[in-house]
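Same chain, two partners: chain A is paired with chain B first, then with chain C.
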Partner chain A sequence: MKFVMDVIKENGLEIDLVYSGTARIQLGAIIPYLYFHNLISGEFILTIVNGLDEVFVKQFNYLDIKNGKTEDYIHVYHPIVCPYPVPIENGSYTIGIYPVSGYEPTGNNFLGWIKQHEDIQVPMSYGTLSDAKNPYTIRFKEYSRIHS
Partner chain B sequence: MTRIVNFSDSFVAATEPSLEGLDQENYTIQNNASDVVLFTIDNSVYNSAFFNFEIIRLDISNTYMETGHFQLLFHDGSWKFAKGISAGHEIISDVIDNPFNVVMSLTTSMGVGSLKYSSGNMGSGYTGTFKISITRIVA
Partner chain C sequence: MNPFEIYSENLIYQAKITASSENLQFPVINLLDPRRTKVFRSLERETKLYFDFNETSEINAFMAVDDKRNGFGVSTIDLKFYPTSNWSLATDEQSIELNAQLGVGYKEFTKLEYRFCEMSLFSSLNYCELSKIFIGKKLEIGRSIDFGWSIKENDLSKKTLNRYGQVFVDTINTQKVFNCRLSLLDKDQLDKIYYWINYYSEIKPFFVRIGCDNMVNDTRRFSGMVYLSDVPTITNSSFGRYNLSFSLIEAM
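This part shows the complex of A and B:
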């Protein structure tokens, strides 16, 4: 299989999303689709920002992504679980992944964020779109009430 | 840097997948620079690389100083600029001259090539950019 990704460098990578629902939701997890290329160190943060307001931030490291696997090349939907429900309401948000410390990307060691056209979170485009211009892939899990 | 990854039909791999596609980097050119490293390439990882480049002068309304392409080839123990291959290869040199005294050069240390530039005095208001797009052949 082939996939297209951008290497996460010193300034990180971001995606802008709009939540257009009328009801407020409670996020339980944010799940970016990442590519782990022989990474040997690195602390990262994922943030959700609404304008100037930081809605959510959580730190994770390369071992969290590797999750006990012995292989050094991994593509994975890496869940970043919210320790508390994160309220999201109608509006525009920027989700970013940034290196914090211990990360120096080289040709042999880096973390990437995979792009997909058929991403359920992002509206399809019926026009021709270069693979390199597809959005970064991300999933969300929300809390919902179980009705008995 | 956008790359295409050729992965096995699995979520994990013990051996390095091949990476292809274009890397583009933009570098700011300083005035009166001397041997500033733009890019490094390790011969233990890559055998050759193909570059497209643009040198743009931003202080005069995006004037192109030079556009072009070249190959880097690891030959006889060092990295060299090389012409395109037809029958046999032809090594140019380890220096490329561009207008306004922007000179690109190559040095090699322990198999790692460093693409460097030096620039002349183009005025205190000078700002410029190297844009480099690279395709590499994996060793």
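This part shows the complex of A and C:
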């Protein structure tokens, strides 16, 4: 299997998104598509920022990504669940994954964020000339009203 | 835990409420409006509301419901209770867990007696928004009653069918309707019920919790803000015992 990805280095990786809906949504989980390449340590944080305001932040580590699997090379949609409802409304947001501690990427040990062609959940505002220009793949889960 | 509780003595109606930050287009007084779409909003993502209940009051429950169109406008709600208006000496604290799917945040706790309450709100938005809340104590009907109920949700969405039989729905929106029965009330319990009926009638909303730990996995599922949809029926089933039948409709 082949992926196009960027390695998460000390400055982290970011994606800019615009939510254009008219109604507020309640975010339940953020799910980046990550590639785990033989990581043996590492603490990371995922943040959602609206301008200068931090909307949401959660820490996770390499074992959370591995989630009990024995393989050392894994591609996975890793869910980062919000512990409380995170209201999101119309606006621009930056979602970033940054290393916190215990992570030194090398050719043999790194975490990557996979890019995906024609990501239907993250339509691009620009045309791409190559697969390398695709956005980082990410999914969102929102809470929606359920019947009693 | 009783399977049915009425939270009728809402202290916010007698309280003086001030906010550390207030958007004047969505003032604090909106908390008293019965419509869930009439909300309070602040101008900051961390906001405090200060309640002075005018006298030491009994409190054993808190409930919050969201604006059904937009959901909650806060992520966390924390309560601190004070005997005096010295806001640095909280003697009791409670954290409320909000359920975004059900649109309800609820907590019941051992009865406290305080005059002042500080509510801390935190939101991921650039403001905090509150729709409707209950702070106070439940109506103590007492035990030895039998409770039965059913629920049917009114589907408020507009549906149309084209010539090919395909369904088009504008938005999924439902309104809970409960049919309830309280049985084997004695005369003293009946007096308490009459007090509740007379005070609220069908025009003033109140809060209920339906369900307890052995009945549902989440007691917030059938809880929330409701109206009496009609004047209840009282039946004298046997000497000194009464049955009460009534319908509740979700406040929107």
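The rule is simple: the second predicted complex is superposed on the first by the 142 of 148 C-alpha atoms of A that agree within 3 Å, B and C clash if a C-alpha of one lies under 4 Å from a C-alpha of the other, contacts with A are read in each partner's own complex, and residues count from 1 in each chain.
In this section, a contact is a pair of C-beta atoms (placed from the backbone, for glycine too) under 8 Å apart; a residue touches a chain by one contact, two chains touch by 3 or more.
None of the values given here were measured: they were computed from a predicted structure.
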Practice item. Answer with clash or fit: chain B and chain C placed together on chain A by superposition. Key: fit
Review point. Angle at chain A between chain B and chain C: what is it in degrees to the nearest 10, using CA centres?
Key: 160
Review point. Does chain B (first) or chain C (second) touch A:I88, or do both, or does neither?
Key: second
Practice item. Have a look at where A:M5 lands relative to chain B and chain C in the superposition and call it first, second, both or neither. Key: first
Practice item. Quick one: classify A:F56 as touching chain B (first), chain C (second), both or neither. Key: second
Practice item. Once the two complexes are aligned on their shared chain, state how close chain B comes to chain C by Cα atoms, in whole Å. Key: 31
Review point. Touching chain B and also chain C: which chain A residues?
Key: none
**Study point:** Complex contacts: residues of chain A adjacent to chain B
**Key:** 1-7, 9, 35, 37-38, 69-76, 107-108, 112, 115, 131-132
Revision key, fill the gap. Interface with chain A, chain B side, in the complex: residues 1-9, 11-17, 21-22, 42, 45-46, 136
Exercise for review: Using the touch definition up top, name the residues of chain C that touch chain A in the complex.
Suggested key: 45, 68-76, 97-103, 123-126, 129, 151, 153, 172-174, 176, 221-222
Exercise for review: Sort out for me which residues of chain A touch chain C in the complex.
Suggested key: 23-28, 48, 50, 53, 55-56, 84-89, 143-148
